[in-house]
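In what follows, a single structure is set out as structure tokens and then discussed.
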Amino acid sequence: MTQDNHNNAYKFGMVIDLDKCTGCGSCMVSCMSENNVPFKEDESNKRDSITWMRVYKLTNGKSFPDTEIAYLPRPCQHCGGEGDHGHSPCVSVCPATATDYGYDTGIVSQIYTRCFGCRYCMGACPYHARYFNWWDPKWPEGMEKYLSPDVSPRMRGIVEKCSFCYHRYQAARDKAYYHGDKDHIKEEDYQTACTTACPSNAITFGDLNNPAHKVHQIVKPDPHPDPRNHHVVGKSRNPKVFRLLERLGTNPKVYYLSEREWVRKQGDHYLEGEWDKIKNHHGTTSHG
Amino acid sequence: MDSALIPEGAKRCSLPKFSIGMAIVGAVLLWGVWAMFLCWFKGLNQTNMNDYYGFALWIWADLAVIAVGGGAFFTGMLRYIFNIKELKNIINFAVIIGFICYSSALLILAIDIGQPLRGWFIFWHANIHSMLTEVAFCLSCYFAVLTIEFIPNILENRQANKVPFFHHLAHNMHGIMVIFAATGAFLSFFHQGSLGGVAGVMYGRPFAVREGLLIWPWTFFLFTWSAAAYGPSFTLLVTKMTEVITGKKLVKDNVVHLLAKISGWMIVTYIIAKIIDTIYWAYVTAPSLGFKLSHFYTDNSFYGYWILITEIVICGIVPGAILVIKSTRENPTLRLVAIILGTIGVCLNRWVMVLQIMAVPVMPFDTWALYIPSWQEVATTVLPVAYGIMLIALAYRYLPVFPQEKELNSVKPITESE
Amino acid sequence: MQSATRKKQATKVIVSSVTSKNQKHETLNFNGELYMKVDRRSFLGLGLGAVAGVAVSPVGLKLTDDSSIWTQNWPWTPVPVDGRVNYEKSVCSLCPGSCGISVRKIDNRPVKIEGLSDYPVNDGGACLHGIAGLQYLYDPARVKTPLKKNGDKFEKISWNDAIALIAEKLKGIRTEGTPEKLACITDKDQGSVSGLFRRLLETFGSSEFYTMPSLESYLELTASTFHGKGNTIAFDLENANFVLSFGAGIIEGWGSPVACFKANASRKERHAKLYQIEPRLSNTAANADKWIPVNPGTEADLALGLCAVILKNNLFDGSATINFMGGFNKFNAMLKRDYSLSKTAKITGIKASEIEKTAKMFAKAKKPVAVFGKGRGDGAQSLKELAAVHMLNCLVGNINKKGGVFVKPVSQYLNFPSQSMDRVADAGFGKNKTGSTVNQLFEKIDKSAQPLIEALFVYNANPGYNLHDSKRVKKTLDKIPFKVSFSSLLDETAMLCDIILPNHTFMERIEDVPSGAGFAKTVVGLSKPIIKPLLNTKHPGDSVILIAKALGGNVAKSFEWANYDQCLESVTSNIWSPLSKRGFVVISKGVPAYRPLVNVSFLAQNPATINAKGDYALTLIPIDNMRLINTGTASSPFAVKTVSDTVIKGKDIVVEINPLTAIGLKDKGFATLTTPLGKARVKININEGMMPGVIGMVRGLGHTFDNKYVSNIGVNINDLIGQVIEPGSGLDAAFGIKAKLVAA
Amino acid sequence: MSELENKAKNDSTISAGEKIAQKIKDDKGLGQGVILFIIAFVVCFAGSTLLFPKLLYSKKEQPFNFDHYLHVYEAGDCEACHYLREDGSFSGIPKLETCMECHVEEPLGVTDDEVVFVKEYLAKDKEIPWHVYAKQPDCVFFSHAGHIDTGARMDFNECHGPIEETKTSRTYEENRITGYSRDIWGKNIFGIKKNSWDRMKMDDCAKCHKEETGHQGYCFQCHK
Amino acid sequence: MFPFSFEWVWDIGHMIFFGGLWYAVGILSAGMIYVILKAAWDTMSESINNSGESH
């Protein structure tokens, strides 16, 4: 059991290189195909279109010809909550414990049979990573054959979200049990569907706690709380890496990487002059 | 025909006239019920809500109806705990309004959740850290208290009073109503507060988040306070409306002035606290997260500074001032203006604390989300209003709600018959 | 209070009566009034007792619990069956990229498609259309059995009857001695199935074998213009350190999409530069190191302008240019005269200093590559532009070098046995082809009074949707009396056909899938059947073999194989063993050894530049959006779901326009787009990334066939853009059309 | 549990109630009602507690009887049919191809159940539609690898009962409303468990996890 | 909601929350039971001793 795997709990996270991301959408489709996400005839109202992984289009706001755009894939951030104690914005508000924070993996679960659709978690999540089944999912006649047994298809009236392909973690643990080393999940044994699908390998997924994993080497998370904002823990020591809305103290586990300063600046809100102070911060200095 | 049921010495309109009125309101009720079944059987795609607007008109209706229903617990507390005798003439009506508000809230919640059949999971698998769990428990309990407070009034119906058991039951319940009112106040303090906490704890939403005391954000106390402040105003408003519709004077002026005075002072103290909280939030909490005040009130087609000013100044300071100063309080038109503004104020505060939270973009590259309710949502929000009107009409017709009614409307003084 | 006392007496009465008459059955013979009293109380007792009894029993709790569990297991919510997991390798043939895929199956039921990690083309990644492949396999709109047109409806027909009907029709044409009246349109001329189609036509006696315009056809055309027939061009993007792309959507589906994604992704590590020249800020332009906005349609002039700068400052590779043939000095003179720096700047709208700087950077770069083929590289291209851009490569001499442009012969890994021809076949095959491109064929059919083509085979192509001025193309197709479509979907062209022989989807077929479209290596993959065919469909190879056998005579003799599997094994005999074992064979990967000769005669004559037809103020240009398939097959529901709401909004298409040109137009508002060919209702997306004076509309929408998820959305841009045939090459080179936008 | 059935039951026992009424000399007006109340209460309570489960659970027989005892004896051990695959997933109920490792066209034994098996399924190469007693709902992920000898080394009797000694397949009972097998929600309507395999729902798993690992586990450990 | 619920943990949070809740529910139910029994008792005693109006 990983609960007592000599307390080296995992902390699965992801870093996405926005300079490599081409906005092609492979991650969106791979995620939908892997997790039995339904589709409707008209999905053009992006406010009730269920895409666990959504690719946002960012712009530097300048006018022609200096305008620039970048793409930002946004899965569920699996927030660790203030001080990384597991009180994610959504977990702390769900009235029926339909979503909880797995301290052994750092993954925020969503249980479709417990959720009764009050949608409070959707209001609490600042990343809009939670989707509600406004319609009863229906697959055209014959297409239910491609549904995967690893993820239970949902029903109308409940909230669903990215699970970091937790079923792949379950399969990896089964394999580890079978081969006798139940507490050691190899890096390549548990990779999410979007990571494996990305044609430009822009997404790197792994255990943030394990220095041997690529994601840890890129992000170099700082275990101590940030002196200027004690809610923030695990801030990246790589100046090119940032997190979305880090100042809110949600402590997301999805990091983003970009060489372009205007892209990094879109990660959070800054008052006048704040950005220049921390523009190329190295390590623990953070914005107050 | 139904004269046997009408309280002694009370003059009511003829049954046909009454039934026509009830039929009209009943039709609106049925329209709401039709929308309710649509939402239950076809699912919440009947509404215009979406993933940006998980909370919308219904949650606002919930919060607003509970806020204005605060009159029941506050008047009850004043009457039974602070022993203000004059309020016994309005406590019955306050309880009826409270009962209607809380039953409406529970009905709207039953329609609003995606899986009504699993609604009881909120009790069974309760997450005690969630404000909504606390709301669910205390709201249901307080609804029970309101039912208990409403039963004696029902049992005082002429026919019901004839059954000895009912007669004794009503009498005994009056005896220990103090305990029920105290428990009710305790429960109300928490769930009114938790409804405020629902918004205040969302640290992912800079527009909503507030610091606080221990686990309760300041909005917790502000919501209770505003419910207690504006609740009596709403009670007075509905009393005034009932008096206008029935064409009779139902409550003596000294009771109305007293309740208005209390409500006034509560509004004034609330508004001061609200202003302090807003200033602290606008200049300390939000900027610490990188948000200027203009982020929440500009470049969108609806939410502007006007909503802040209306809520605090026009519907806060003005009604407070009117109800505090004796001369303006006792001037009927000014008092009516004040209680109407007050009620609008609390509804606006609830609107802001639900819908503007959803509208404000949080991620830098996100956009404002605006939303218009669908007819089904409007119908199911009008449904409780219609049901409330019918209940008040029935109660007014068949139950002795206003003790002073006979006295105020009798042509010659008659001795106490019983 | 009187009433209370009277009531008490009444109860006393009841009690006494109960005690006195208890022998008899008391409920029966009481008189009305008394009967009423006992009955009401006992009834009350009974009812309350029953209710209390049931309430205290577990029924209530259990029903509440079970009703909630019922909502967790609604009968209409599917429950996928669990089973043994295994992975199977195959190759996706949805587009010329031909990536390797690995399919996860549960007890032989495919549930997920992913990229194959050690496949030489894509090494693990896959594009969204390949990943959503299962939605094609299980699409209920697929053609289930062969169909025969009757009036304007289709009716079912068995395979034998269909083949017999086709054979009888073709025999009719042959007996008239005009075998050349049989034509065939496919998507590419590589691969065994296209080989079979070409072989059927040739042994039948017709040389009318056409391929739809694709990057593959443009590469071969440019190669033959410069380096002689039988050559093609490939780009070693992985090793190039300066890529100058003239509108090519390197990361939007150009060439071999996933290979290009990988080459682009490693750019940062290799410190390689990408400059994108395009009127619109596409994803490629956004990801590039520099975006150079150019006036639409003037890319050729810019390329020649850059050549002029390179020649003027003699930054060209002398050793390469000395053996240029075909009038290099004439070309040189033409450049000096027509493409001086100031003239080019005026035409293209780019500052002269910018042109000069770019030309110098390109020439000085160690491994520069200039890439041509606007958008995905298919659709309408002008040979002048392709040649001008390739001229840059020739000038800097980065041909057949690592990190350069590879000019290599078209790979011939297939060895078909010799064809047996009879007199009629030789006569028909001898006649020269009606035209070199599909557009020319349709133009000739339009002009000729009596039918120039009697029978047409359409395989993997949708000319009725994918060629400019699709209304006219459909009218031309109607002029062909007998048409057979091999599509598995009832697309626009199939709906016009008389017989439909539905083929398997790429997951039900065994087939050789050669890489192409500018990919540096030549890899042949083996697409394997992941699942037994679901419907009454056949492999297109089998269909052709059956038709050939039904025709008899020399045609049947040229198709000796029993079925397609046997044919595939024999045709790819020299590579079959590695192909079948490992699933792919790398035919050639290194730098081609020989130095090709370069003939600049085409450019030397200074062919005319194409400009957009019509006299409206703005220019409408097509956009190739990675998330939509625009080659005529429908995009999958998942793919359409990922398309942004600035491209599709409800049933309407959204066009991009710069704020400066959008006077009187509201963002997200409606407008009517008018071009010389027609009108369309569109929505507006005010977009800073679009050059002023240009409107951008996505290709791949406006399908009219019956598919709830992708059809009847928006407009097919090919209805709005007309054909402009380029005199020098006969290609349809219309890069766009003049249009106007009026708020609706 | 429809009221009608209730009513039918009440009439038959009314005469018993009447005798009691006569015996008790009672001068209170309510006596009559109270007695009837008690009768109706007892009758309805007993009725609904006994009748309700019969109505709630549908009874289905297996396609043919399966003799575990014989097969364990013949095959030697359980792993012949129920085993862990290479990737740690559990094979579950064996497929026809596993049966065909021993069974051939003509029946090996004498029982007519085997005749049914050979004729109906083996010959027609049709998978046997077994009703799985321990089938968990779709939202549950259960890892056998984590519980048997590669993990917690639990004995399979704890969850499946002494199945290896059974000679006959018992009737499969399924909840008509939820579709759950009765083994999941428990044989006894009050939820009283005599032995560990009588019920296998969330609370049972939670109790064992709490004892063994000190924590009930986070939702995604057992949900998918 | 009950100690045997799945989510129940004997921590300070549960004790305060459900302590307060059960306390309030306890008062309400006790109050109601008292009132009903007393009313039943009053009705009974009134009808037995049949004395004049007792209230």
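In order of appearance the chains are A, B, C, D and E, and numbering begins at 1 in each one.
The rule is simple: contacts are C-beta pairs under 8 Å (C-beta built on N, C-alpha and C of every residue); 3 or more make two chains touch, one makes a residue touch a chain.
Since the model is a prediction, treat every value here as computed from it, not as a measurement.
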Most central chain, Cα average position: A
Taking each chain's C-alpha mean as its centre, the one farthest from subunit C: E
Whole-Å gap separating subunit A and subunit C, where each centre is the average of the chain's CA atoms: 31
Subunit C and subunit D, separation of their C-alpha mean positions in angstrom: 53
Cα-centroid distance, subunit A relative to subunit E, in whole angstrom: 49
Distance from the mean Cα position of subunit D to that of subunit A, given in whole angstrom: 40
Two or more partner chains touched - positions in subunit C: 1, 11, 67, 70-72, 79-80, 82, 85
Residues of subunit B engaged with two or more neighbouring chains: 115, 118, 121, 124-127, 129, 164
Shared interface positions of subunit A, touching two or more other chains: 45, 57, 59, 97, 112-114, 136, 152-153, 157, 171
Touch list for subunit E against partner subunit B, complex: 1, 5-7, 13-14, 17-18, 20-21, 24-25, 27-28, 31-32, 34-36, 38-40, 42-43, 46-47, 55
List of subunit C residues in touch with subunit D within their complex: 11, 14-15, 18-19, 22, 25, 38, 41-42, 44-54, 56-59, 62-63, 66-67, 69-70, 72-73, 75, 79-80, 82, 84-85
Subunit D - residues contacting subunit E, complex: 28-29, 202-203, 206, 216
Residues of subunit B that touch subunit C when the two form their complex: 115, 117-118, 120-121, 162, 164, 418
Residue ranges of subunit D in contact with subunit C within the complex: 1, 3, 6, 10, 18, 21-22, 25, 27, 29-30, 32-49, 52, 56, 85, 87, 89, 91-92, 137-139, 175, 177-180, 189-190
